[in-house]
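In structure tokens below, several structures.
Each of the next two complexes has subunit A plus one more chain, namely subunit B in the first and subunit C in the second.
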Partner chain A sequence: MRPLLLWRYEVRRAGWAAVLAPPLVAAIVVLLAVVDAADGADQRGTVIRNLFAALEMGLPLVAGIGAASLVGRDPAAELQLTVPTPYRATLLRRLAVVVGWTALVALLIAAVLLVIDGWADRPQAHGAVVGQLVWLAPTLWLAAVGFLAGAVFRGPAAAGGLVAVLWMIEQILTEAVQQHQWSRLLYLFATSQGTVPADWTGNRLTLVATAIVLGIAAWLLLGGTERLVRGEAG
Partner chain B sequence: MIPTARYELRMMLRKRSMWISMAIIVGLLSLTAFRQISDAVRDNDARGVMTTVALLVNIFLPVGYGSLLADRLVRDQLLGVAPILDATGGSALARLFGKYLGVCAAAAVPLATVYFGFAVVYTVVSGRPAGLAWALAAFAVVLLPAVLFVGAFALAVPLIMPASLFRVLFVGYWFWGNAITPATMPTLANSLVSPIGGYPLSALLGYRDTVSAGPTPGASLNFLRPQPTPATAWLSIAVLFALAALALYAAHAIRARTTR
Partner chain C sequence: MRELLVEYAAGTLDPAQRGEVEAHLAACADCSAELAGWAGLAAAATREPAEPPPGPELVYRVMVRSALSEPAPADRPPTRLSLALVVAEARLLRLPVLVASALVMALAVAMVATRTAAADGWAGDVLAMVAPVVAAIGISGVYGPQRDPAFEVVAATPTTVRLILLVRIALVFGYDLALALAASGAVTVAGADAAGIPALVVAWLGPMALLSALCVLLVVWVGPDIAIGVALALWSLRVLAGSSVFADVTGLVDFFRAVWSTNPATGSATAALLLTAVVLAGRGEPVRHVRATHPV
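Right after this comes the complex of A and B.
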């Protein structure tokens, strides 16, 4: 019962912004499609394109900045460090809430795409089953980067900024990223913006694998409790 | 006002996290676009290189410093020092403006370090000191107005929503409102209210690489995209300053209501 209670507390503690952000971002992207369609664009094609954009671009950004905002939010971290539950376990639970809620919204969008036959429309997304890696891989990767950056900087400001710029670099420098094998494997938007077709599965698995490594690094770093009570880096 | 600005600037410049994250970003950009950077520093067209780099810097870095500045005003309330500061002699508006100038100056310092650092490398490698002059001009009319625009909204908007939600929405807005081609979907890109600086780049600095300002055939919102001329370029800068002033005034009004 106690673990369940802790999870309930963490979900409530996440606040309205964390609950609102994933559906809000998805809604804005869909709204853009509606406005675009009203402007004369192909309605179905635009909606499918934007739903995939919400899956692969919008939701990972939400998860990344959400994960970057976890460390440094407790007004009395010293108190957290005195309780039997390790503070880093609490932070990991909060990370699971952020990523889990984002994943639920992503699954809902994926279901909508299934209903409107959107997966068949985008062969580069590899179908509705393997295609879940469209959102899962970049979401886990950006969340892991955000979590690690939060652990390194001990605060959300610089960590959120780093996630934001990384997201923007991958959006804009598409051609430069395609030039090297290593950057193709770490490219977040391989489905929406394109990549070497044979690289897609490798790219998704590399993102998941590196996300696990980054997550472990953050976990180890958060074990140093003395760092955390010193407050934000700087 | 001036002491608040100085204090805010010093606080921010001492944030190691700001400098470390900037170093990571510059390292990643250099690693990803090494060939393009190598080609650029050997290019003889000083104006073309420095305007292109100004545009790139203004695409990537505002989302970083916008996120970094998002907690600066709400931080006073979270730390419980806002009522103490309100009890001091200076007016709340002057203190807000001082904080605004301080955080904008703090955002401009690492930005200037990166941009002028590249300008110096370019000048040394290409032997064209004109690069430094173009860099100064681009910094003044492209990068600085963006800092002042972003700084105002980064201070004001987190008063009405959590900073993390502001960061997500701000990054989305920046991409949508600056980097999307207007023919693709309705966007504020290439318009007078686009803080990326397309109008000053085109009309004041002669940037010609790609269309960054002006009407796009078939695109919606073209009424916000007059032909780029020196007059519309200055108008674009003035519009950005006016919007920034509006955001700051809104921040002052919200703070006055919440601290009453």
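Right after this comes the complex of A and C.
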């Protein structure tokens, strides 16, 4: 199969939900800004704040749940295991589609922020170039957690639930996370919710590095094809 | 010599061996008796049957009778709730889901108990954010062909699908209810919340029931994956609305607080959603969305 055709197939297979979710999240967050502006709030400031929230909170959650749903809901899994291409390579390509589409929407939002001078408005985001880590680090981390959880549980429900619970815990424990260096380094929302300024770059790089480690663990786990055809854990 | 008796009785030995066997039989009473048995068997095997065995006409008669006769009535009314049914359904609950639910609730208690100088009502807020999502994810796996390998067999039994759905909901929700009550008790005993157990229960009971009822309806209607997706999306918005990022969006925060709280309106909505789910459950199986590809 020609590479372009293969990628087109994977995009089709991802389905409407995966295609619509990232732009929908961005649209909802912008809508919240409009609702907020109707209450008399500073519209430009609110839009910038909400776009950063979409970048750092909304899109990573969508990518994480999307990655968690890759293992365990493939009706052709047994057929995939009989073809020469390793199934984990196919799953990695699907992960690339999920994260890639989320990244495209994130870059679009980042471009909008550039047009309305939003990066200058938020010095804690470190400018438009390094500031891409605002969305890239939590997106990669949650996607890697979701991918690994999918490999462990072999079902989207438990894996997606784990991603969502982790995301919620980090939302709830905002203040508690700031008390320790290690928890500050693993905090997903360091730009929107705040952190020690000197820790921001370290936090982003730690998230990216741990995402790579989690991704490798998932890759190794997905090599056991016998586990994959055994169905959902439990 | 005994091993040659079968062939001797069947008449397949060559003349030399036949002579040897006959010489031996003349002197051995045991072998003569054994030969008589083999000879009877050989005669029966070669005899023509008096009448042919029952064939196509018997199959025809059985099929006609099966088509014309009514099925035997069930021993008991199909809608009857019994302890045996509850025990049988309890055995189908997935252990990893039960353990994961308990662990997440324990984590919530640990978060609340280890937090020093927390604001009033913070413990209730944490339990109100964790307990509903735990119950919703647990309850999304109770029904449907995607989660129940015996779904089609169950649909063919006299016990109604509605009754089975209700029993499973009661078991899973009852378990999560017990977990949340235990968590509230643990938080109170640890001295992390001065409001007491009743105030804590009010904080999580309404949202937990409403989100679970919504999941039940979606599971019956469109299947577990979409139910879990919708529950997670709604709950993420709920968590975001309670975060400091949207703290000044008072209209939104007030709206979410009103929807996800314990009051008569949310109680009525819960009952309506559950009733709709039970009615839908008896009308067929969930829409099948699982395909190898999805048209875009």
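The rule we apply is simple: the second predicted complex is superposed on the first by the 232 of 234 C-alpha atoms of A that agree within 3 Å, B and C clash if a C-alpha of one lies under 4 Å from a C-alpha of the other, contacts with A are read in each partner's own complex, and residues count from 1 in each chain.
Please note the rule applied: a contact is a pair of C-beta atoms (placed from the backbone, for glycine too) under 8 Å apart; a residue touches a chain by one contact, two chains touch by 3 or more.
Because the structure is predicted, anything quoted here is derived from the model rather than measured.
Colleague: Would subunit B and subunit C fit next to each other on subunit A once aligned, or clash?
Modeller: Subunit B/subunit C on subunit A - steric clash.
Colleague: For A:9, is the partner it touches subunit B (first), subunit C (second), both, or none of the two (neither)?
Modeller: Only subunit C; A:9 stays clear of subunit B.
Colleague: Tell me the contact category for A:221 with respect to subunit B and subunit C: first, second, both or neither.
Modeller: neither
Colleague: So, does A:66 touch the first partner subunit B, the second partner subunit C, both, or neither?
Modeller: first
Colleague: Which partner does A:188 reach: the first (subunit B), the second (subunit C), both, or neither?
Modeller: neither
Colleague: First (subunit B), second (subunit C), both or neither: which does A:76 touch?
Modeller: In the superposition, A:76 contacts subunit C only.
Colleague: Considering only the touch criterion stated at the top, classify A:53 as touching first (subunit B), second (subunit C), both, or neither.
Modeller: After superposing on A, A:53 lies in contact with subunit C but is clear of subunit B.
Colleague: Quick check for you: in the superposed arrangement, does A:179 touch first (subunit B), second (subunit C), both or neither?
Modeller: First partner only.
Colleague: Between subunit B (first) and subunit C (second), which does A:171 come into contact with in this model arrangement: first, second, both, or neither?
Modeller: After superposition on chain A, A:171 lies in contact with both partners, subunit B and subunit C.
Colleague: Considering only touches as defined above, state whether A:19 meets subunit B (first), subunit C (second), both or neither.
Modeller: second
Colleague: Mind sorting out which residues of subunit A both subunit B and subunit C touch, each in its own complex?
Modeller: Overlap of subunit B and subunit C footprints on subunit A: residues 15, 17, 28, 32, 35-36, 39, 41, 61, 65, 69, 75, 153, 156-158, 160-161, 164-165, 167-169, 171-173, 176, 233-234.
Colleague: Quick one: which bits of subunit A touch subunit C in the complex? Just the residue numbers, please.
Modeller: Residue positions touching the partner: 9, 11-17, 19, 28, 32, 35-36, 39, 41, 49, 53, 57, 61, 65, 69, 73-76, 153, 156-158, 160-161, 164-165, 167-169, 171-174, 176, 192-193, 233-234.
Colleague: So in the complex, which bits of subunit A are touching subunit B?
Modeller: 15, 17-18, 20-21, 24-25, 28, 32-33, 35-36, 39, 41, 46, 58, 61-62, 65-66, 68-69, 75, 149, 152-169, 171-173, 176-177, 179-180, 183, 232-234
Colleague: With touch defined as at the start, can you tell me which subunit B residues reach subunit A in the complex?
Modeller: For this pair, the touching residues of subunit B are 14-18, 20-21, 24-25, 28-29, 31-33, 35-36, 56, 59-61, 63-71, 78, 161-165, 167-172, 174-176, 179, 185-186, 220.
Colleague: Note which residues of subunit C are touching subunit A in the complex, please.
Modeller: Within the complex, subunit C contacts subunit A at residues 94-97, 100, 104, 107, 111, 115, 125-126, 129-130, 133, 137, 140-141, 224-225, 228-229, 232, 235-237, 239-240, 243-246, 248-252, 290-296.
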